[in-house]
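In this document, chain identifiers A, B, C and D correspond to the written order of the chains, with residue numbering beginning at 1 in each.
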Amino acid sequence: MRATALSIPAHLGYVSLAASVVRSAAQLMNLSDAVTNRAELSVVEALDNVIEHACGNDPSRAVSLVIGALPGAMQVVIRDDGPAFDMVAAGKAAARTDTALRAATLPDSGFGLALINETTDIARYERTGGWNELRLVFFAS
Amino acid sequence: MRATALSIPAHLGYVSLAASVVRSAAQLMNLSDAVTNRAELSVVEALDNVIEHACGNDPSRAVSLVIGALPGAMQVVIRDDGPAFDMVAAGKAAARTDTALRAATLPDSGFGLALINETTDIARYERTGGWNELRLVFFAS
Amino acid sequence: MPSFAIPVARPTVHLQTAAHGPLLVVRPAHDRLNAHLAGAFRTALLDLFESGHERLVVDLSGVAFMDSSALGALVAVHKRCVAENGLFLLCDLSPAVASLFDLTRMSSVFRIYPTVTDAVATYAPNHP
Amino acid sequence: MPSFAIPVARPTVHLQTAAHGPLLVVRPAHDRLNAHLAGAFRTALLDLFESGHERLVVDLSGVAFMDSSALGALVAVHKRCVAENGLFLLCDLSPAVASLFDLTRMSSVFRIYPTVTDAVATYAPNHP
């Protein structure tokens, strides 16, 4: 059986299109709403980062997703041709938001990497031949 | 700017995933609900045919869509590697349903090709290098 | 990159039913009725007919999208009902579904009501 | 095959507003609040604040999905309100949105009410 593959321009307007593919694929796999929501959030955060930071919002560049199944899990592989950046390692290093912070010092950005880590069951990064490849796995239960 | 490309296995379960991509793309283009619905129906009917008749419901085969914009229009190109079949010519030849028919003789299939013709502003078929390529264009207004 | 694919579960049709006197109102609990579901949908409706429910109302209020294969399933059940002097009504078509019926000239073949209430009021006025 | 692409319109934020005494209830008319909209969303809320609406209730009942960029926009407006002794309430979070607030520990930063009615009853009981 073939995988499902999607390629979009590196433009934030297309992230919702990619999210709808992830949701549809999750439905085809009969994933629960909770797992579907987690997968959607993780993929959206990863795509937001790839489009903004790896591709500099340049819509002449493409970002690709390959969605498939592992036993009991959905896998989404995201590929871009931006500079090497290990989102998984950076996410592990990202400090958790300290809720004891006073309003004045609350961060109003920088939540993405920690969110990918928290919503994804297995995340792997690989640099292969000029591509960043981020492999996100979501367990069905 | 890059086009949006989708590849799915030739399995009817994936048609709704492709439909959600068409709907999202139509929304990104600010197409009206009426045009969006027309485009969705046309693409679904074409994919149903490609998957059933060209690919014999064999999910190891892939069907691809490329969605893009022409001035004032959305274009969807559908490609499969099945036997040559000109859906546009066959659609023009397809007789319209005769509503004067008695219930006993009403057809309960065979509506697809005529529907593609009626919902699509421009449809072109091409056979290129082992591929069927169906180009469907929907005017924004 | 290795190629994984998603195994698609066999389609199961979910129909909600409610009796109104001689009528059985059947509501498909699917927002999309398409070729993937059409065969199972047709079988499920014909099974209801065979089990003695010969006056069926299909409530399409939950169906946002329908393709020609699902329409074909409705035509098949309609033919069966007409052939055996049953009744087959449709109601509550979304704009996209109504447009499918118009484009295929099936609007004039089926008896279509705006709402379940209208259909029931016409054929089972004592069983609202 | 030539490569065509879809030109994406610049994002426009649609906010429905309703005054309840000193409170302004603001309802984003978007089912997705994401990075594409976040900048415009933040600006629109701050514009309301600058134009004198210093007690804002953001009604998220229409928002099925939110990402961290849109959350960041809310944090920015919250900080501004707190800094200037205004009020910034949120209400009616969908399950996915509530989960985003939990995962980022922002549930304990914002004042979150189940419904608009609850928020209004607490801060503007004479203006239901």
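Keep this in mind: a residue touches a chain if its C-beta (ideal position, glycine included) is under 8 Å from a C-beta of that chain, and two chains touch if they have at least 3 such contacts.
Bear in mind the structure is a predicted one, so any value in this text is a computation, not a measurement.
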From chain A, count the fewest steps through touching chains until chain D is reached.
1
Taking contact as defined at the start, I'd like the list of chains shared as neighbours by chain A and chain B.
C, D
Contact-richer chain pair [B-C vs B-D]:
B-C
State, to the nearest whole Å, the distance from the C-alpha centre of chain A to the C-alpha centre of chain C.
39
Distance from the CA centroid of chain B to that of chain C, rounded to the nearest Å?
24
Could you tell me which residues belong to chain C and also touch two or more other chains?
5, 8
Can you list every residue of chain B that touches 2 or more other chains, as numbers and ranges?
1-4, 9, 11, 13-14, 16, 25, 28, 59
Considering every pair of chains, which are in touch?
A-B, A-C, A-D, B-C, B-D
Chain B residues touching chain D in their complex are 1-4, 25, 28-30, 66-70, 74-75, 77, 79, 133
Looking at the complex, which residues from chain C come into contact with chain A?
1, 3-9
Within their complex, chain B touches chain C through residues 9, 11-16, 19, 33, 37-38, 40-41, 44-45, 48, 51-52, 59, 96-97, 99, 103-104, 106-109, 111-112, 114-115, 118-119
For the complex, give me every residue of chain A touching chain B.
1-11, 13-14, 16-17, 20-21, 23-25, 28, 59-62
Which residues, counting only chain C, touch chain B once they are in their complex?
5, 8, 11, 32, 34-36, 65, 67-69, 71-73, 75-76, 78-79, 82-83, 95-96, 99-100, 103-106, 108-109
